[in-house]
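When the chains are written out, they are named A, B, C and D in that same order, and each has its own residue count from 1.
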Amino acid sequence: MLRFESDYMEGCHPAILRRLQEINLDKNVGYGLDPYCESARSKICQACGTPDAQVHFLVGGTQTNMLVIDAMLRYNDGIIALETGHINVHESGAVEACGHKVMPVKGRDGKYDIDALEQWLKAFYEETTAVGIEHYVMPRALYLSHPTELGTLYTRRELMRLRELCDQYGLYLYLDGARLGYGLMAQGGDLTLPDIARYCDVFYIGGTKVGALMGEAVVVTNPNIELTRGLIKHRGAMLAKGWLLGVQFDTLFTGDLYLKISRNAVDQAMRLRRGMELKGYKAYIDSPTNQQFFVMSNNKMEELAQKAAFDYITPAGDGHSVVRFATSWATTSEQVDALLSLL
Amino acid sequence: MLRFESDYMEGCHPAILRRLQEINLDKNVGYGLDPYCESARSKICQACGTPDAQVHFLVGGTQTNMLVIDAMLRYNDGIIALETGHINVHESGAVEACGHKVMPVKGRDGKYDIDALEQWLKAFYEETTAVGIEHYVMPRALYLSHPTELGTLYTRRELMRLRELCDQYGLYLYLDGARLGYGLMAQGGDLTLPDIARYCDVFYIGGTKVGALMGEAVVVTNPNIELTRGLIKHRGAMLAKGWLLGVQFDTLFTGDLYLKISRNAVDQAMRLRRGMELKGYKAYIDSPTNQQFFVMSNNKMEELAQKAAFDYITPAGDGHSVVRFATSWATTSEQVDALLSLL
Amino acid sequence: MLRFESDYMEGCHPAILRRLQEINLDKNVGYGLDPYCESARSKICQACGTPDAQVHFLVGGTQTNMLVIDAMLRYNDGIIALETGHINVHESGAVEACGHKVMPVKGRDGKYDIDALEQWLKAFYEETTAVGIEHYVMPRALYLSHPTELGTLYTRRELMRLRELCDQYGLYLYLDGARLGYGLMAQGGDLTLPDIARYCDVFYIGGTKVGALMGEAVVVTNPNIELTRGLIKHRGAMLAKGWLLGVQFDTLFTGDLYLKISRNAVDQAMRLRRGMELKGYKAYIDSPTNQQFFVMSNNKMEELAQKAAFDYITPAGDGHSVVRFATSWATTSEQVDALLSLL
Amino acid sequence: MLRFESDYMEGCHPAILRRLQEINLDKNVGYGLDPYCESARSKICQACGTPDAQVHFLVGGTQTNMLVIDAMLRYNDGIIALETGHINVHESGAVEACGHKVMPVKGRDGKYDIDALEQWLKAFYEETTAVGIEHYVMPRALYLSHPTELGTLYTRRELMRLRELCDQYGLYLYLDGARLGYGLMAQGGDLTLPDIARYCDVFYIGGTKVGALMGEAVVVTNPNIELTRGLIKHRGAMLAKGWLLGVQFDTLFTGDLYLKISRNAVDQAMRLRRGMELKGYKAYIDSPTNQQFFVMSNNKMEELAQKAAFDYITPAGDGHSVVRFATSWATTSEQVDALLSLL
């Protein structure tokens, strides 16, 4: 079975496993206070161009979203997300479990329609100010994914506009980078890590989907966001052997490994896309990253499913469906070729 | 200033105040264990035709919604509401403060479009079952208001269909009756208190907006919903002098007072509507209850605002707006006539 | 049956009921934005000598404690209370329901042993700083009741020392004044309302037990504590007809009514105490306020229970028990005389 | 520097790392639905003699305690723990973050004094039933650690008595087995894994401290406890690459590896203890497990601290302190000998 159903099906990059092997019987202090975490933090700050940022290593994406959002919001604060945003639909209410409301707005191609968002904010503040804001969940942060759930990317100009909107309405800007590497290495993407660090108040660099066994690195550039160690422990999210995360990110941020292996996923995705377009399949959306969405006849889909695993997304009408193939840092040319040979 | 901006601007029906006066210096046990609460519970059960229902008296509507929903939901359960539902937009995230997600769906005229809801549920279960329900907030209850936020009513047949849908998908059906009396006495409404008790798992009979100083009577007909006294206290919602609520509901449910005074609000609303239609104003929606919505030119609106208070709702285009006038159990013919004379 | 089992068994002072009667059919804006609340806030600020304090009116004591504490604490913050503190044992976990830990310490006579508390704080900070404070709930506030659960009082000097300790350890000082009037009017008590406002960051003036139908007035003197209207609504605690609370506190803070009626409770308690001591009963604790605790033989207790209601507190050994009699603003000399005649 | 300050300073048993290496580039389904988790569950059920138990793999101990307790409690339920219990003092209020109160009681040698506990329960129910249980946090579960925080063990007879108490008072019995292996292999311990599974409603088998990189295996034997996958996700605790936990526990429960490596820690601890006793040090408590507590002069302590790391616990008076040395599955004879040579 060829497996393309997600980008977190393998373990980790071999260089990480080697280092874990090397230090396996060394004794380390716990809870992220070890030298590996220290070194990884320093390298990440350097890569982001933000020497004073706080960096925390957490185990998974939902946990990270939950904690960052809990650190940003209070009282009747809420966070704006797309209706299709990961925190709104795929995290089992983890944000609400911390007492906060996700405020869904409509988007396009997995991204905010910034003009529409601006109108929505304007109307929301007019209404709530008139009635009395105490009756409303008031937005205090804006959540976006980059790359998005549909593999698309924000441009530098778009992120700047979102930053301006956030400044205007007193919102924190939070970028979920579960697949950040695949966005940074996409052709045509113009957002760099320092750009993201400059425009966002907080974001995370995904490890689970980009080369690590597990782990996400949260970068807090706005010191008003107190993502404290106490809060992390309070939500059961502090890893005892924190150096396991430190070693992984230290490896990924040594010699551009994070970007190099991200590049592979993008390259393989582009090969897959070109191959499929040659065979006459139509892309459902123009994704320059590791997730590729195609329209496929239901017959073909069922036939393919005998030999390859992929994600069913949604009906496309007329006996067709949208399906998703995800590549990863570990995807090989052979795997993509084998998939293409089935199509 | 003539005031029609809401239906909870007066104190309480004089009969209630008389009884509070009579017993003011009597000594009563606290926390709702007094004979007045006992008597009121019994009268409410009788009026609902549900001798075994549990009845709790709470102070306000948001508190009541929060507690009922907290009692119904657990883990990653959510509650479905209209996008315009009170719990979704006007309660400052009180449901989320208890850790639960409100799941908004689109409606029409303040009501569920039941066919659309059925499709939504079907699609939701198909998707989530395929992916793994643990990643989703799963609906466990359905919230509706009757009368709705737009003054409209569900029919008996509609409530039966919602009940069937709830049975099919394992949902509790919860009816927010903040203005229930005004629905029960509306012309053309065919839902009775026993109907509501039969089709819903839990609902509340509003007092704050219908004759009481404060107070809502929650009626739990499904014994699986454990709205315990401990939970009420746990959320800071147990009134020390619980008899204050008992006396009020006991008075309202003696000799049909609740229905009689509700009738007045509806009658005055109908007089207002006929008067306005005679003057050429167009109803924005066909509401048979105490809230009346009209389209009015912005000029007229500003002029009227000098002498009367009412609610601005939304722009209606072309220099017009939608405005709301609310009558109550205490509204007099003189007040309505005075308002009409300004129009 | 003579009833002395608690101090919240009657309705409200007749002057309050008169005013509620007078304005019953007036129309008021909701949610505490009415002129009665405004006037009451102003009178309370004046009585406290704190023109800039924020004053909120809430319905009950547990709700008030829950909200004030939720406003003070964040992340892994906790609040110190006596083991016997109301929030620790009698509020059904309402503080924990908001995600915060109550940190119990031992006291004496219902009060903090300030030397012991100082030692406890010192030891706690030494241990937690050594291990890493992120593993601990860290105290951020100190809770005390005045009068205490045992009717005792803090002196001005004691409150000053607690203030100093709080300053030293970065704690908010919060005083629960459910029975505050009875403490202010106690003989020998030297703490005034302005003292309390000066030394505490936040406190509340109890209405439910001191003359009101219901209601507590929270006074926030430290502007860093953001007890916002949004938070109040978020926890389901905002009363729709907020003026009901405003009118009550406005009445109580007009012409010293609050203090005058508190005085009555204390006077009757003192009469009761003297009477009982003359009959040979021994006070269990030296309470100068409206709660009086005595040691009584179990035989006498059972006999008395036929004709009078009171609270059983705890065994006293040797066939005796500790019992409590509570007077209130409404207790009459006749009631006390009748009780004494049974003893 | 010789390091004996905790038992989670190394990575994992080499056999685990080998297997992670072998399967590193295989593709697995996520979220614990992989064959490794399946196999590990089956082996654990067999080792526990409970074929129908539910087994969940979680990442860490605080997370596990938080989730198990959240699954057991509702409304105003609480969980009883020792004052020194891990959930009460070392988990940063993670239980309270889920809305539940930890109810501390006094113990002895890190264990419940079962007679005292019985008295406490009896008195608690008498008081609360008299006053009204809705005002109290009511215990619904009992938490214990085995081995305890002081390295001591419960006997089979003691666990049976706790089970009886729990049955009598309607409590779930929950055993925190963060160091369970070290208890199972202790000399003189008579509790087996099947015993624990029989007497407890839920418990966990610690991996983080016993041979794994990270991970705890929760075993739920009482089907009334719904520790659902949805709840795990709702609290941000579902590991994307769940097979990482499955592989580890599958390895540990193949060929008794878990017990064998636990045995090493106990053996080294006993060697350390005998060696120290020969040198005249006195054990602070009689611990048969991997944590050894000794009384040491402060001078010696400071001298030793130059060359060895260990835990300071508490003052012992007279210029002495209590210190702790922890061995682990990875501790070697050479390390213990080197430590002894410094003493």
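Quick note on the criterion: contacts are C-beta pairs under 8 Å (C-beta built on N, C-alpha and C of every residue); 3 or more make two chains touch, one makes a residue touch a chain.
Model, not experiment: these values are computed from the prediction.
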Joint neighbours of subunit D and subunit A, given as chain labels: B, C
Selected from B-D, A-B or B-C, interface repeating A-D by over half of its contact pairs: B-C
Interface numbering overlap (same over half, different under half) for subunit C and subunit D: same
Pair with more cross-chain C-beta pairs in contact, given B-C and A-C: B-C
Length of the line joining the C-alpha centres of subunit A and subunit C, rounded to whole Å: 50
Distance between the centres, which are taken as Cα means, of subunit D and subunit C, whole angstrom: 41
Subunit B-subunit C separation of Cα centroids, rounded to whole Å: 34
Touching two or more other chains - residues of subunit B: 76, 91-93, 97, 99, 134-136, 230, 233-234, 238
Graph class of chain-chain contacts, one of line, ring, star, complete, other: complete
Interfacial residue positions of subunit C with respect to subunit B in the complex: 3, 6, 8-12, 14, 17, 20-21, 23-30, 59-63, 65-67, 91-94, 97, 208-209, 213-214, 230, 233-241, 244, 330
List of subunit D residues in touch with subunit C within their complex: 76, 78, 89-93, 96-102, 104, 130, 134-137, 312
Complex contact set, residues of subunit A against subunit C: 31, 33, 74-76, 99, 132-136, 138, 226, 228-234, 238
